[in-house]
Each structure stands twice: as structure tokens, then as C-alpha cells.
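Please see the structure below; I have some questions.
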Amino acid sequence: MTTRSFSSVDTGEALPPLDIETTAALVVGGALASRDYTPVHHDRAAAQAQGLPDVFMNILTTNGLVGRYVTDWAGPDAVVTGVKVKLGGPNMPGDTLKIRGKVVAADDGRVDVEVTGENSWGNHVTATVTVALPGA
Amino acid sequence: MLSAEKKKELEEAIYAFVGKPIGPPFTGRDVVNEPMIRQWCDAMGETSPNYLDAVAAEKSPHGGIVAPPMMLQAWVMQGWEMHEGYDEPKNEEHRLHKLLTDAGYEGVLGTDTEQSFSRYLRLGDAVTADTVIEHISEEKATGAGVGYFITTRATFTDQNGAELGWMTFRVLKFIPNQPQQAASDDDGAAQPAKPARIKPPMGHDNSWWWQACTDGKIQIQRCGGCEKLRHPPRPMCGACGSMEWDAVESSGRGTLHTYTVIHYPQFPGYEFPIIAALVDLEEGVRMMSSISGCDYEKVEIGMPLQGVIHEDEDGFALPIFRPREDSQ
Amino acid sequence: MPTTLKNEAVIVGIGQTKYTKNSGVSELALASEAVRNAIDDAGLVPSDIDGLTTFLLDNNDEIEVARSVGIGDIKLFSRIGYGGGAATSIVHQATMAIATGTCDYVVAYRALNGRSGQRYSQGVSGDIVTSDLIHWSWYMPWGLLTPASWVAMFTQRYMHEYGAKAEDLGQVALAMRNHAVNNPDAFFYERPLSEEDYSTARMICEPLRLYDCCQETDGGCAVVITSPERARDLRHPGAQIRGVACAAAAEQEQMTSFYRDDITTLPEMDQVAEQIYAQSGLGPQDIDAAVIYDAFSSIVFFQLESFGFCKVGEAKDFVQEGNLSAKGGRLPTNTHGGQLSEAYIHGVNGIVEGTRLIRGTSANQPERNDHVLVTSGVGVPTSGLILGQLT
């Protein structure tokens, strides 16, 4: 795994797509790995009481996947300095989360990547992740 | 709906929370440690050696294992006790939410969050969060219902009091709109249906056309009196007054008369952006549809199009147009 | 009996509520307040009123408004369909009632919780059950659900035909905003818009960006209409109706007249223009100021052309020359800020502003105010009127 140099990145570059099969293991495991025991993320009855058919992914897991998506592309030594996230519809087991990304700004050693995550409900997440890259 | 007086009372009470810490600073139960990092990486599919491989991480700019940055908040989550819920408020944020819940603002929806990381966390770091209710909006009308946006800001510090980063989180606390129409109970399951495109109501004047779509055909109504073609279908010919008609099958070949790219608002059941298209069919009528298989930035008035019947997952069929190679 | 509506009726009272994003009151409360304010403004009492007219889309029944305001007996109750196209059509209804002696004083009103209640930007859905549901169903399955999407279709074609650019549309939005900045009733009072704000705002339906689209507002407006004889005894100088007309043209659909050979003009608005110019004996050169229905910036273009302020395809040049400005423009337009920047009361706030212009009390009052044009909704069966000084 090598890390991208800042000079090799241009605005408009598309990141390789990533499709994540959402499983109950991912939803529940992600919630517990982020120490989020809110019942709707592990208890289907609690999720149904809120009007959704199944447990749904917590925000920390969504953020974790978005972060991983960007650093998988940028490389291990890229440093994530910030993230802005707009939340959309739920992501539930059985659905595919289609993560796509595009470089929207590159300035002074920092790159903004716009990431979208869509599933069959529509937009699940829209994020802008800022990473610092070596070789400015 | 609340009376003006009650609302004033409620707003005075909730705005008093602005600027308040939700409680005393909270220090995470565990310092940054490898087992929790590994558990996170397993779930997220992280493979970066900087999080997982002590030997490789030593050579990284961090000089040793670090935690994934997005994990910052996880170090100060309440964990197990969260499963009990907060019917009994345990901090000021819960008390604020409860005031609103009791006034009918029962819904809660996370809308956006922003984080900034000053440095990556190293093994042994102890994280403390100091969270403040930063802002409460005026009452807003939203797609979900009328409510207030509440923004909290957490500042994260390490064992030496140095800042590690911050996070803002915005939720909408709202009076839910009338519930969506109940899901059909044909299948006996109380599950909401997956959103799908809005279906036309079927009447005498249009159902035959949609049925033809299901059979794989794009039809154009033809007057039985003067043979004039017309679309959308109507019961009488505006040219000769005849109520007799039949239909011809369109080749689907056409050119783009005008279009719009719809970005907002985004309705469930559709993929956005939508390229909505008005197509001049070669038979001489115009047809509303949409375009797929083309980057929306490349759409141009006058471009050649080919209509095909598209079938949704739920079996609904309708014509959709694609760019057409003129050499065909 | 008159054979034309020219000068047969006068707007003698105007009323409005506060314009907000969340009124916290019922639509009937808004309607009652606006109607009551209009009656007070005219120096009348509720029992003088004997006719009420409003939009088909309005949720406040004439009889409920009459009871609420204490109007008593009424001889006219009427409603006009087709969304914003009704705005000056309700004045048309009132004028006919006055001209024929059916009524002495008619109030035309419109009130809506357009932001906190049903929001038009949220689009039509399969849940509404109306006789024109089949019409909408030729668009809904493909995702055309909102007024912005329908208007964008015409706008795109217009821009293609005539070479109009985004910055030309922007001139309309900026001109309206410059007016609203001086109008304390306007949502955007003291909140200017820069060219950069305009051009970087999010895209709604190409080519329409956020500030090309009107607001959504909670509020109400009403006007009192009577005969010239009665008007002369009342408190304010009246705004006399020189001409008023409505029209639905061949191949008309609601918002989606996509099947005409040329979709870059508005034949229904051309016909309204022809009718009211003929009725009044006036022409575009006689119009000193205008309130042009601006649910979207681009529809101002179509109307400038329909009413002959410029040639077809040349609105882009007309707006670029600063002609819409109250500060010395050829045609001060939407001096209240329009629906883009004052409030969206479905065009009836435009009739109130037209009356103010004739009275000389607009927040952006131009010097000349002999004749003011007011138009209604675009892309639907529509209407328009010309106001003048009471003679």
C-alpha cells in the first residue's frame, strides 16, 4: 500500500467505487465496535417500533466506512484532518451501500474528497473528507 | 398545535439551554487500546498497517500504532448503559429533548455532523469530551415535520488537556408529519414497502397505454377518424371530434426537445439526479420521459435518443430513453 | 349595462398579514386578518362587503371567512382554479360583479400556510385525488413532481433558442432582491444578494438555481373592490381597473403545456395582454411600473415578451440594461421584492403592491405611476390587469 502524493492528485479525479453488502453482522458489529448500544442498532423490535423494518447502521459506522473508503484510495500515510457529513435515509441489512467519491478540491497539500453513499432507499450519506497528503 | 402562549413558554425554556454543557466533562472508560482498534477495523474492513501492525506502524509518520481518526467519538461513548434508553433524562441534552418530546416534538433525526482532528490518537491516550449545546434554531418547517435543529459541540482533549479535535452534531427534533400511507397488507407483513416511483392512477383514458408498456411497447394513440396521432392519450380527437381510436407502436426513435436535470428535492423511489426529457418522436408526437445511460453534463437539446421499455424491480414498466448512435 | 370592464371597478382597500415561515395560526386566521385589514384600510365596515372571491386552492371557504370577519350576507362567492393563474382572475371576478351591479363591495383574498403547512416545493403526489390526476400522471412516474421541474423544461428550451444565459436569469433575481432590501414587509428585508451568492447557490432543476425559485411563505392578502362612484367617497385614492382579463390558450395544460409546436412563448399570456391592452386603450409604452408574477426568475422573461416590453427572445437584453430597477429603470418591476424576495402569497401580494404603486406608497416608489401592470401565474390558465389613477 503506497500513499498518494499531493502532486499526483487533480480535482475531478474519481475514486474507485466500493459496494458494501450491508449485513446484520456489519450493522450490529459496527455499532458495538463504536460502543453504541442504542437499541435500534442491534434490536430489530426496537427498530420496528420506530417504523423501520430492521436494525439500521449507526452514524459512527457510516463515518468509519467513509473514512476507510478515502484512506484506501489515499494510502495509509494520508492524514484525515476533518469530515463533514450530511445524513440521509437508513442503511439496513440486505441492502447494498454504493460508495462513490470524487476529488473536489486540492490545495496546499490538502485534498477534499466528496463521498456519496447510496442504497435502495436513496441517499444514505454525503460527506466531504479532507486529507493531508505528502509531497505538496 | 401549541397555543401562541404555550409555544412562547416552550421556546423560553429550550433557548435557556443554549450555551450549557450537557454535563461534566466525560472521560472514556478505556484508554486507546489495540483490542478496540482491531474490533473497529474488523467491522469497517480497515486493513491499514498503521492501525493494525506494530512493526509496520513504527515506520509510519505516526511512529507507532494509531487509532482510525473516525473512531474519535467511540472512545467516549457511554456504551452498555445506552441500551436502557433515556426516558429518564441523564444529562442536559436529554432534558432538552424531553421538553420538546413532551410538547409533541416526538421525532428525532440526525441531520449532519462535522469533525476536525488535530492529531491521530496513540495507544494509551485518554480521551475526554466536553459537550455543549451550541445552538437551537428557530422553528423550521422540514420534509419530516415542523421542528427545531439542535446543534451540540463536543471538544475532545487528551490526558494533558491538549485538544484532539472537535465534533458538531445537529439533530432535528420535530412533530412528525401525518404518517405515510399504511403499507399494503397484501403480504401480511407490517413492513413499509421499499420506495418506488409514483404510479399513475389507471383510468379509461390511460390504462391501455401503461398496459402496452408492460407488454414491451411504446404506443401512440391514433384517431379513428382522421388518423392524427396524439399523445398523451385523450378520449376525443381535438382535430376531427372522433371518439374512435386505435394505436400504433412507436419506433422509440426521437430527438431531445428540452430537458431538465432535477437535483432537488430528492424523493424516495427515484435515482438522482434525474434527467427529465421531452422527446420529439420521429412519428411526430412529443413524449415526456427521462434519460438514462448518459452523463447529465453531456445532455444536449437535439441529441438523438432511443426509447426502450424499462421495468422496475416491482414490475412497473415505462419508456426511458438512451442516447442513440446516429449511424444505426 | 357596461359592454367592457374598462374603469368599471376600483381597488379601494388593501390588507395583508405578516409574512413568515411559520405563522403558528390557522389559514383561516390569516385570511380573516388580511380581509379585515383590507376592509379597515378602505374605511369600510365588514357588513358593507357583499361578495367574496378566492382561489380554488385556498382552504378558507368564503362563508367561513364571512362568518369569521362578520361580513353577514353575501351575494357572490366564487373560486378560480389553476394555482397562481387565479391571482388577478379573482379581481376579474370581482370587477364583473361590480360592473354588473351584482355586488357593491367585493373582497378578493388568498391566505396560506405555504411554508409550515402544505409546501408546493414538495411536489404533487399520488395521494392527491383530483380530476386532473391523470394529467399529472404523465409526468410523475419520471420524477417531474415539482413546479421547479416543470418550469425548468420551458426555461431550458428558451435559453437554447435565444441564447439566454444563467447570468441573465440572475438579473431578475438580483433586481427583485434589491427591491426587497428596502421593504420592511419582505422576508429578505436588509438582506442583499450578491452575484456570487446567486451563481453559487445550489442547483434545484437545471438551469434553475435556488434564488431563481420563489420562497414559501405563511401569510395572507386581500383587496376590496367597488365602483368608481363609491370609491370617490372613500379614504384612499383608488386604483382603477383599466383592464382585466383571463385566458387559457389552445393545448393548455397546467404547468406542462409541452405539446405546442413552440414551447418558448406563453400564448395564454399573449392573449391576456391583447385583451387588457384593447380594453384599456393602452400599450406597453403607457405602463410605468409592473408587478410580474415571479414564481421563478425565468417566467419574467416570457411575460416581458408577452406584454411587448421587448421582442420575443430579447428579454435577456432588456433585463441586463437595469430596466427592472425602481432606480431609473424603464419598467420598475416587483418593487416589493416579488415572490422571489418579498413573499409568496400566490401573486396576491402583487395586487396589493400594484395598488400601493398607484397610491404612491411603495417602499421603492418610482416617480411615474399613472399605469401599473399586474400579472398572474405562468404556465397555467392565467390573467392580468392594468391599474390607473381614479378618474
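Letters A, B and C name the chains as they come in the text, with residue numbers starting at 1 for each one.
Criterion: contacts are C-beta pairs under 8 Å (C-beta built on N, C-alpha and C of every residue); 3 or more make two chains touch, one makes a residue touch a chain.
If you're wondering where the values come from, they're calculated on a predicted model, not measured in any experiment.
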Line, ring, star, complete or other: which describes how these chains touch one another?
line
Look at all chain centres (mean of CA atoms) and spot the one farthest from the centre of subunit C.
A
As a quick test, compute the distance in whole Å between the mean CA positions of subunit A and subunit B.
14
Approximate Å spacing (C-alpha centroids) for the pair subunit B, subunit C
34
Quick one: report the Å distance separating subunit A from subunit C, using the average Cα coordinate of each chain.
46
Would you please write down the residue numbers of subunit B that are in contact with two or more other chains?
270
Considering subunit A alone, which of its residues make contact with at least two other chains?
none
Okay, in this complex, where on subunit A does subunit B touch?
1, 20, 26, 29-30, 32-39, 42, 48, 51-53, 59-61, 63-68, 71-72, 76-77, 79-87, 89, 118, 120-123, 134
Help me check something: in the complex, which residues belonging to subunit B touch subunit C?
1-2, 4, 7, 138-141, 143, 146, 181, 197-201, 203, 205-206, 231-232, 257-265, 267, 270, 274, 276, 278, 285-286, 288-290, 296, 301, 316, 318
List the residues on subunit B that touch subunit A in their complex, please.
36, 39-40, 42-50, 60-61, 68-71, 73-74, 77-83, 85, 109-117, 120, 179, 190-192, 194-195, 266, 268-272
Mind pulling up the subunit C residues that touch subunit B in the complex?
21-22, 24-25, 115-116, 119, 121-123, 125-127, 133-135, 137-146, 149, 152-157, 160, 202-208, 216, 256, 258-259, 263
